[in-house]
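Common to both upcoming complexes is chain A, partnered first by chain B, then by chain C.
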Partner chain A sequence: MKRLLAVTLGILTAIGGFVDIGDIVSTSEAGSRFGLAHTWVLVVGIIGICVYAEMSGRVTAISIRPVFDLIRERLGPRIGLVNLLGSYLITLLTLAAEIGGVALALQLLSGASYLLWVPAAAIVLWLALWRVKFETLERVFGLSGLALVVLLVGIFWLHPDVADLKGQATTFSPPKGENWPTYSFMAIALFASAMTPYEVFFFSSGGVEERWTPRDLTISRINVFLGFPLGGLLAFGFLATSAIVFEPIGVDVSTLGQAVLPAGMAFGRIGLGLAILGVFAATFGAAMETGLSAGYTVSQYFGWSWGKFLRPRQAARFHVVVLVSILLAVAALLTTIDPIQLTEYMLIFSAVVLPLTYLPILVVANDRGYLGDKVNGPFANVMGVIYLIIVVAAAVAAVPVMIFTGMGG
Partner chain B sequence: MISRARWGRLRATSWAATGLVAAGLAWGGAGYLATKPTDLHDYRVAAVGAAHSAYDALASADLTGTALLAGRVTGPYADSMLGDARDALAGAAKQFAGVSPPDERTQKMRDELGPLLIKANAVLPGTASDITDETLEHLKPVEDALDQFVEEHE
Partner chain C sequence: MPLLIAFDLLDRQILDRDGIPVGKVDDVELSPDSRYVVALLTGQRALGARFGGALGRWITGTAARLDTDRTGPRRIEYALVAKVDSAVHLSVRRELLTPPALEAWLDEHVIGRIPGASDAG
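And now, the complex of A and B:
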């Protein structure tokens, strides 16, 4: 049982990374507009995040230090600062979007406006990050997020035309009525959502929180190769159910409510309730990850004490950064900015800063000074370089495609 | 012979000049796009976008209403979906009102879509308790008309 629970870090990271509010809506939108034509992007994203999360986990387990700490030490404070600014801003935007996502899930349950729920969600989030143990958080939210399996099962319950779905999934071009630029825009957004920078920083810092040592290398790898594909599979549930329900009638999904409707259509109120519970857990889990990641990156850059394994008094500056980040996120949301739109922008800007995250990880994972004989082998390096090329291509194309398509409109 | 310090200053100046030119071009481009008069293409894109958003809103409300009557979704969920649909309709109307028809052909489009958007707003149930078989029946013709508008002008 203890071994089984040890993989909850990977499950939480992956559920937060793959099915946060932005992913839910963008994956569902992709399904409603392009059917299953973006399935390959999910697969490419899953492999990519596995490649780099494995490196991060290995670096943490062998050096017993988080990746961001080593990046600053290995590449110097200047490059570390550029990395910090890029990843912190994206993490902050993501945190705002996730708190908005939690509030939207509560709106679906209660009918009351999400703006009323934003302050309450933020207070509960802050209390959880301040008082509750790391392991408890990851187990409760990682495992509750698994309720999203209801959408995967729903694929079969909605009686789709399997041959048609198969045809869509093996198509690598936009369907009739859609064009290449919007197809590419959606592909970049989905890829960026799979590779969001905070995932690797959270995963490696989480490894330190769980006191990984070189003996935990296997646990780290199980977390990566089980957790992330599972997160990707749950994201596929949104893609496929939207492709089944909305694509044939030509409705574009743009809200969280639409994204969970197929669960209600398949299983009634219980299915809908499970899907909303899963969304709540996934977005709350992602809000926790991004809130902690904000504190982790800033504290690790400045060399402050950090982490939930220390008492709040021992890591006061870390907790202040977390609190200030939550307050900034709430302030952004209370301007009434649409959380869904905020996430869509976040995904595109996230694509732009991806190379800042992944190049340093590749460099550190090849440093014998930190990893000894556990540095990247040829296979990890080949995969790392291939993905770095993809990441750079996505970063270069992101903003022009965003402008050209008017945010995929 | 140029000294190293002078070379450094020259390089910094050329970078600054390049940056200023790029910023000027971006500013000019943005200004041109913002003030460019609406043409047939712009109007058509705006009208089709508004019609599509309105269609999405009504079709989603229709699916939700059908699921509510079948007991498959809850009242608060349906209320939330209807709220989203209302917001989407308001956004579509605002988007459509933001562009003026540049010629006769687009005026015809305006005369066709304007009343449809008003009708869409009128037939959308206010709350979950307003959803009945009858209110859902009123949605269908407007959905079809919006869908047809999109197909004709896309």
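And now, the complex of A and C:
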């Protein structure tokens, strides 16, 4: 059982990347407008995050240092600072969106406006990050996020035309009546969400929290190769059910309520309840992931003591960063900014920061000073370089495509 | 032991003997003939000095405002370094070193006042 639970870090990290609030809505929107024509993007994203998460996990297990720590060592303090500012901003705004997402899930259940739920969600989040053990958080939210499997099973319950779906899934272009720029915009957003920088920072810091040593290399790899594809599969559940339910009738998904509706159509109230529970756990898990990552990145850049394995008084600066980040996120939400749109903007901006995140990881993973004989083999390097090229292409294309389509209009 | 200061020391994490982070090697102090490292300098004052320019002055200035009873950055004698690998390991516990000013202030005024601050996570 303990061995089975050891993979919850990977699952939680992947949930935060693939099915956080922005992804749930934008993946479902992609399904409702383009059918399964974005399936290949999910596959490309899953492989990419596996390649780099495997490197980060290996670096952490062997050198016992989280990757963000090493980025400054290899890029120097100036570029390291630019990287810190970029990833902190993305992490902070994603944190705001996730707190909003938890509140939106509670709105679906209670009917009361999400703005009323925002402060409550933020307080519970902070309490969890202040009091609860890292392993407990990871297990509770990693596992309950798996309730989203209901959407995957729902694919079969909705009795789709399998041949038609297969055709859609092997399409690499927008269907008739839709345009290329919007299709590309969504593709970049889905790819960037699969590879959001805080995933690798959280994953490797989590490895340090769990006190990984070189003997845990296998645990790290199981986490990567089980957790991330599972997260990607959950995202596919949203993509496919929206493609089946909404695409044929020409409805564009734009709210959380619509995104979980197919679960209700397949399994009635229980299905809908499970989907909402899954969304709640996934967004709360993503809020924890981003809240902690905000503290991790700032502390690791400056060399401060950090982590939940220490008493809060031993890591006062780390806990202040987490607390202040949550307060800033709440302040941003209370301006009534739409949390879902917030993440859509962030996905595109994160595409721009991605190269700065992944290049140093590739460099460090080849450094014998840290890794000895566990440096990247030729396969990891070829994959790493291919993905670096994809990441740079996405970064270059992100802003023009965003402006051209007016945010995917 | 010969070390490449820029490659092996600068920006590396300093850990105490229990593995708890103490700071980054933000700068080093060399002996007058520049042949030995005498001390590691850590904290935002040392970091700001390395940045230079307006940003560097701002970083150093804000750090110095908190840290009124010391004239320079935090110094750790190189004699306390036990081992350098993916991090710089000290031979002492961090309680024996002067605490960073910001950490001490936040502990006393913010974090230490919240219930549960001394409980293990």
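What to note about this one:
Definition applied: the second predicted complex is superposed on the first by the 409 of 409 C-alpha atoms of A that agree within 3 Å, B and C clash if a C-alpha of one lies under 4 Å from a C-alpha of the other, contacts with A are read in each partner's own complex, and residues count from 1 in each chain.
In this section, a contact is a pair of C-beta atoms (placed from the backbone, for glycine too) under 8 Å apart; a residue touches a chain by one contact, two chains touch by 3 or more.
Owing to the predicted nature of the structure, the values given are computational and were not obtained by experimental measurement.
In the superposition on chain A, contact of A:Q314 is made with chain C only, not with chain B. Partner contacting the larger number of chain A residues, of chain B and chain C: C. Looking at the shared chain after the overlay, A:H38 reaches neither chain B nor chain C.
In the superposed pair of complexes, A:M265 makes contact with chain B only, with no contact to chain C.
Legend: residue contacts after superposition of the two complexes on their common chain; A:R58 is shown touching neither chain B nor chain C.
Of the two partner chains placed by the overlay, only chain B lies in contact with A:L108; chain C stays clear of it. Overlap of the chain B and chain C interfaces on chain A: none, as no residue is touched by both. By the touch criterion given at the top, residues 10-14, 19-24, 26, 42, 44, 47, 50-51, 85-87, 94, 100, 102-103, 106-107, 110-112, 114, 116-121 of chain C touch chain A in their complex. The touching residues of chain A, when paired with chain B in their complex, are 107-111, 113, 177, 245, 249-252, 254-255, 257-258, 261, 264-265, 268-269, 272-273, 276, 409. On the side of chain B, the complex with chain A involves touching residues 49, 52, 55-56, 59-60, 63-64, 67, 71-77, 79-81, 83-84, 88, 147, 154. Taken together, the chain A residues at the contact with chain C in this complex read 63-65, 69-70, 72-73, 76-78, 80, 130-131, 133-134, 299, 302-314, 316-317, 319-320, 369-370.
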